[in-house]
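One chain, chain A, links the two complexes that follow: it is found with chain B in the first and with chain C in the second.
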Partner chain A sequence: MIKLTKINSIFRVKDGSELQLVIRSIRKSRISILGIIIVAILILMGLFGPLLVSNTPYEMDIDDRLATPSLEAPFGKDEFGRDIFTRVLYGLRISLTVGIVVVSISGTIGVFLGLVAGYYGGISDSLIMRLTDIILAFPGLVLALAVAAAIGPNIINVMLILSFTWWTSYARIVRGEVLSIREEDYVTAAKVMGVKDWTVTFRHVLPNVIGPIVVFATLQMSYAILAEASLSFLGVGLRPPEPSLGVIINGGKEFLRVAPHVSALSGFVIMLLVLGFNLLGDGLRDSLDPKMRRI
Partner chain B sequence: MTNPLLKINDLKTYFHTYNGIVKAVDGVTFELGKGQTLGIVGESGCGKSVTSRSILRLIESPGKIESGSIHYKDSNLLTLSESEMNSIRGKEISLIFQDPLTSLNPVMKVGDQISEAIGLHFDMSKQETQEKAKKMLDLVGIPSSEERYYDYPFTFSGGMRQRLVIASALSCDPSILIADEPTTNLDVTTQAQILDLLSDLKSRLGMSIILITHNLGVVAWLCEYVAVMYAGRIVEYGPVKEIFKNPQHPYTSALMECLITSDTSSQVDSIPGMIPDLINPPSGCRFHPRCNHAFDRCLSDDPRLFTYDKKRDYACWLKE
Partner chain C sequence: MLNYIIRRIILLIPIMLGVSLIAFSIMHLTPEDPIIKMLGEGASEELVSELRAELGLDDPIHIQYLAFLERFFVKGDMGRSILNGRPVMSLIAGKLPNTIILAFTAMFIAIIVSIPIGVISATKPNSLIDNLSRIGALIGLSLPGFWLALVLMYLFSVHFKLLPPSGFYGPEYLILPALALSMRELAVLTRITRSSMLEVIKQDYVIMARSKGLAERSVIYKHALRNALIPIVTVAGLQFGRMLGGAFIIETVFAFPGIGWLTVDAIRGFDYPVVQASIMVMTTAFVLANLLVDIIYAYLDPKIRYDQD
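For the complex of A and B:
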């Protein structure tokens, strides 16, 4: 006979709602905590940093060109003598805005189309999934480059291009989840009670696919930030003198030998931002999946 | 029956698969009166569940209701539009499933799941629907309904969840409740509680019940009428007492012999053979390959439902 206490210690069952379990699990995961801290600090810097610095990102100081980091200018100065730290703070704002807007728009489109494709099936499914196949067949960044070059490089266009090409992944994820959830008894039970298909989709199916969507959205934040920086670096996103992180790195590349801090420090901030969101996304994935969750 | 509540006539529901047409329900006819309880029994895969889902028109592709009619009160359910059908579902005819663990939405408070349908079918304020939902929780015997209303399904045990499912199904006072093996996944004591609850609710609310089950004991306890199904057809139909006392169809007798009795010395019987392939059902009587009494005619001719004693029907050539 195995003692009951031993069984209890193996299967330590704790009660609490799903949300409480997730929060508890996030608290125990060092990776998630690290991700949350990095992301929180960078978001706070982007939100309030520009209010706290005294200079603007466009202020030039010809005497101080390519100055190395100092107490006065923690990240040094660029080729026009602009304070890189100030520019990075403004750049963070741009990066985060792009990330949030792209994730919101592409998420909304993708989740909606994925729900329709998965739940209703048939022709709507074929049409939506073939459309995603077509869009996924283009190399993303090259498509964005081409379109940005065609309709003009500015921040609105960058966000629109990314949003309208990136919803496909959401659609695929959501469709896959919905295909299994729509067969669940509670979905049929709702239909038995006379609930309309439309209501069933949004009230019964959608809340059950939120987990994977949240994880993917978090990870996609970092892709969107990287993509904006890449496009700006290549000259089809934001243009100089806008303080996008990509623009700052691009400005510094001419002077890599004499003043590596220009590109390196702003590049490091991008890396931190992306790392933060990736850690958070990975942690969330583990915490939202009951099988991976360490209780 | 002079004026039945539900009248199903020659219902055929087929599934169009790559291997061929599966005739899951092939000409089912029965009636259900007001306040009556009808048991539908038969082996797995004989079309019991498909019949019940056909009544609510829940058959999805590749399945299709091919022909027949389902008359409820004055309308033929098969000719109604989808939105008219939605006003029947839950409000007039309701269905509960066999697995209470999967019939409740895990991310929705149980009270909200019950009041959802109430809000849909009655013109009530949010507060009134909540009140009614709490009353339903009381009715099915959930203690401290005031607090439990706000709990999630995983905080309830299997038996309690089946009570919740019943509360939700009955929340709009339907005239007919279809219970699709409501106790199959529960342990024996909980089974008895749920069946007690059903029979109690039936006498209090005066609804009709269609009870689908493998369990002849449950039928004897709860039902007044029984329909025995085999391979998509009803082979015997009539009052429970008559049929249990004196089964006419060899399949019904065989089912009775499979009942587990308290006599420990005897072996548990089973009907030899398997339920037939519904794509190519056997010729003549569908039960003939497994029937001990089959003779020439059973191989070639399909038996109709014969009336016996004017009260009950059976489909067998033996006693013609």
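For the complex of A and C:
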């Protein structure tokens, strides 16, 4: 028993090093830091902004329809005289919630299935990989769009659909990593020691695939935010009057000629948010894994 | 090589079965009666039972699925559109060429812009041009397509009145949607070109070409780029397949009569026969494009063929 703890503590050095590597590489990369700053500002705006503004995202003011940006309403007003800045603040909450929920659910499913496929191989591997092949055969948002239309447009459905269609990349990444790690000496050693399969997988294999997972999760935040905005823009995600950024931009589309600020400013905020996560993910990837630099 | 191709084609069977099962299920995922959704609340009972019989919804579910497979893969007849009564396959056949033209134009723009930028970036790493193009590519990746489409439409149709805002009645109608559609692919291809070139430039034969005293231009474009092109072409091929199914946002914004807009319209109108058929067509096109890219790649790089044995 004492021996086992000793061996485990040796392995744990390895656990720590991968996580520390993530943190260290964030500090090193200027691109990551810029990404963190952008993301942090927008998260703070989404968290506390709604508490600081005096109006709600639904409050209309018919006299002030399509008002241009001013000190009172920095992003102007929309076709119902609602304050666009307030709506964008609430929209950031929606975007970030969708991002976090989708990344957590799809990450959990994908990592679990990837570990199973890579570690156990055989039939479970074939089944899981064929399932990812099927889901990846749908280009872009086609699958999400169709299912959203069938089961009804609301935020819960959007998050569930994206989560259940996007775990595939995690599964592939983790499976690939596990296949190479499986043959490493420290895993063989753990197996020979009689450590149970699940313990080996979670204690010794999982910590070593954390790097690529973190990189992909960061990039996936940006995909999820764009996907929710796109679905809402098309009318199959969140519906008006919800203050989703996609809904706000779609509302402004009809008034492009007379009030371009409605769509322009809210779209710029999505771009910044997505850019923040992309910068962070990119910087992380460059410093963590030189192999993945190619894409 | 033939073995590899046959194996890849056999692998398509379970994928297409899975895809068709999902496309088939879409009508049955709806919590309400799909017939009522399609015809509206006020539809007469006669009409409802007529449509139910036409779509075969009274049959057991597995019979319905087999019939669905037969209709798509054997007969090529996916019934009639609920919205306008026209045969679904001819509706799609009318729109698909437009989407293909749009995707080709977008791909063309992406390739002619991204490759030179990527090459310059790679030959002068960490220079001002390199940094600008890398940041530009990241911004390109972060732009929401529908927003970029609206910005382009505002600038070039509303403000400067240079290009038509929507529809498809001539080549000038292609420019804005193709630009909007190409942005993401342009960004991706620039990044691929840069990293692929960076790798190739370090290779011995490039150093050799240089030390023989060849002009830098000829070294870069004749020796390095030609070899760097393999991953670039692969990614471009995959993106083209993706664009056939991924153009629906851009098509909807510009009211461009392609398969994407057709699908979005059908989804909004609960026109399930059209939704199912266009999903099948888009995924089939995407899967075939992937297959083609894999075969070309395996042909260019024999290692792939043996790795999968």
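Heads up, the rule we're going with is that the second predicted complex is superposed on the first by the 262 of 295 C-alpha atoms of A that agree within 3 Å, B and C clash if a C-alpha of one lies under 4 Å from a C-alpha of the other, contacts with A are read in each partner's own complex, and residues count from 1 in each chain.
We adopt the following convention: a residue touches a chain if its C-beta (ideal position, glycine included) is under 8 Å from a C-beta of that chain, and two chains touch if they have at least 3 such contacts.
Not measured: the values here are computed from a predicted model.
In this overlay on chain A, chain B fits alongside chain C without clashing. By the touch criterion stated above, A:P74 is placed in contact with neither chain B nor chain C. Counting residues of chain A touched by each partner, chain B versus chain C, the larger count belongs to C.
Once the two complexes are overlaid on the shared chain, A:K196 sits against chain B while remaining clear of chain C.
Legend: residue contacts after superposition of the two complexes on their common chain; A:H204 is shown touching chain B, with no touch to chain C. Of the two partner chains, neither chain B nor chain C is touched by A:P240. Contact with chain B, but none with chain C, is seen for A:D185 once the two complexes are overlaid on the shared chain. Put simply, chain B and chain C get as close as 10 Å, counting only Cα atoms, in the superposed view. In the three-chain superposition model, chain A touches chain B and chain C at no common residue.
Taken together, the chain A residues at the contact with chain B in this complex read 15, 17-18, 121-122, 184-186, 188-196, 203-204, 207-208, 210. Taken in their complex, chain C has these residues touching chain A: 11, 14-16, 18-19, 22-23, 26-27, 29-31, 138-139, 141-147, 150-151, 153-154, 158, 188, 191-192, 195-196, 199, 231, 241-246, 248-249, 252-253, 263-264, 267-268, 270, 275, 279, 282-283, 286-287. Residues of chain B that touch chain A in their complex: 56, 58, 61, 83, 86-91, 94-97, 99, 102-108, 116-117, 120-121, 152, 154-155, 165, 168-169, 171-172.
Across the interface of their complex, chain C is touched by residues 130-131, 133-134, 137-143, 145-147, 149-152, 222, 226, 229-230, 233-236, 246, 249, 252-253, 256-257, 260, 263-264, 267, 270-272, 274-275, 278-279, 282, 293-295 of chain A.
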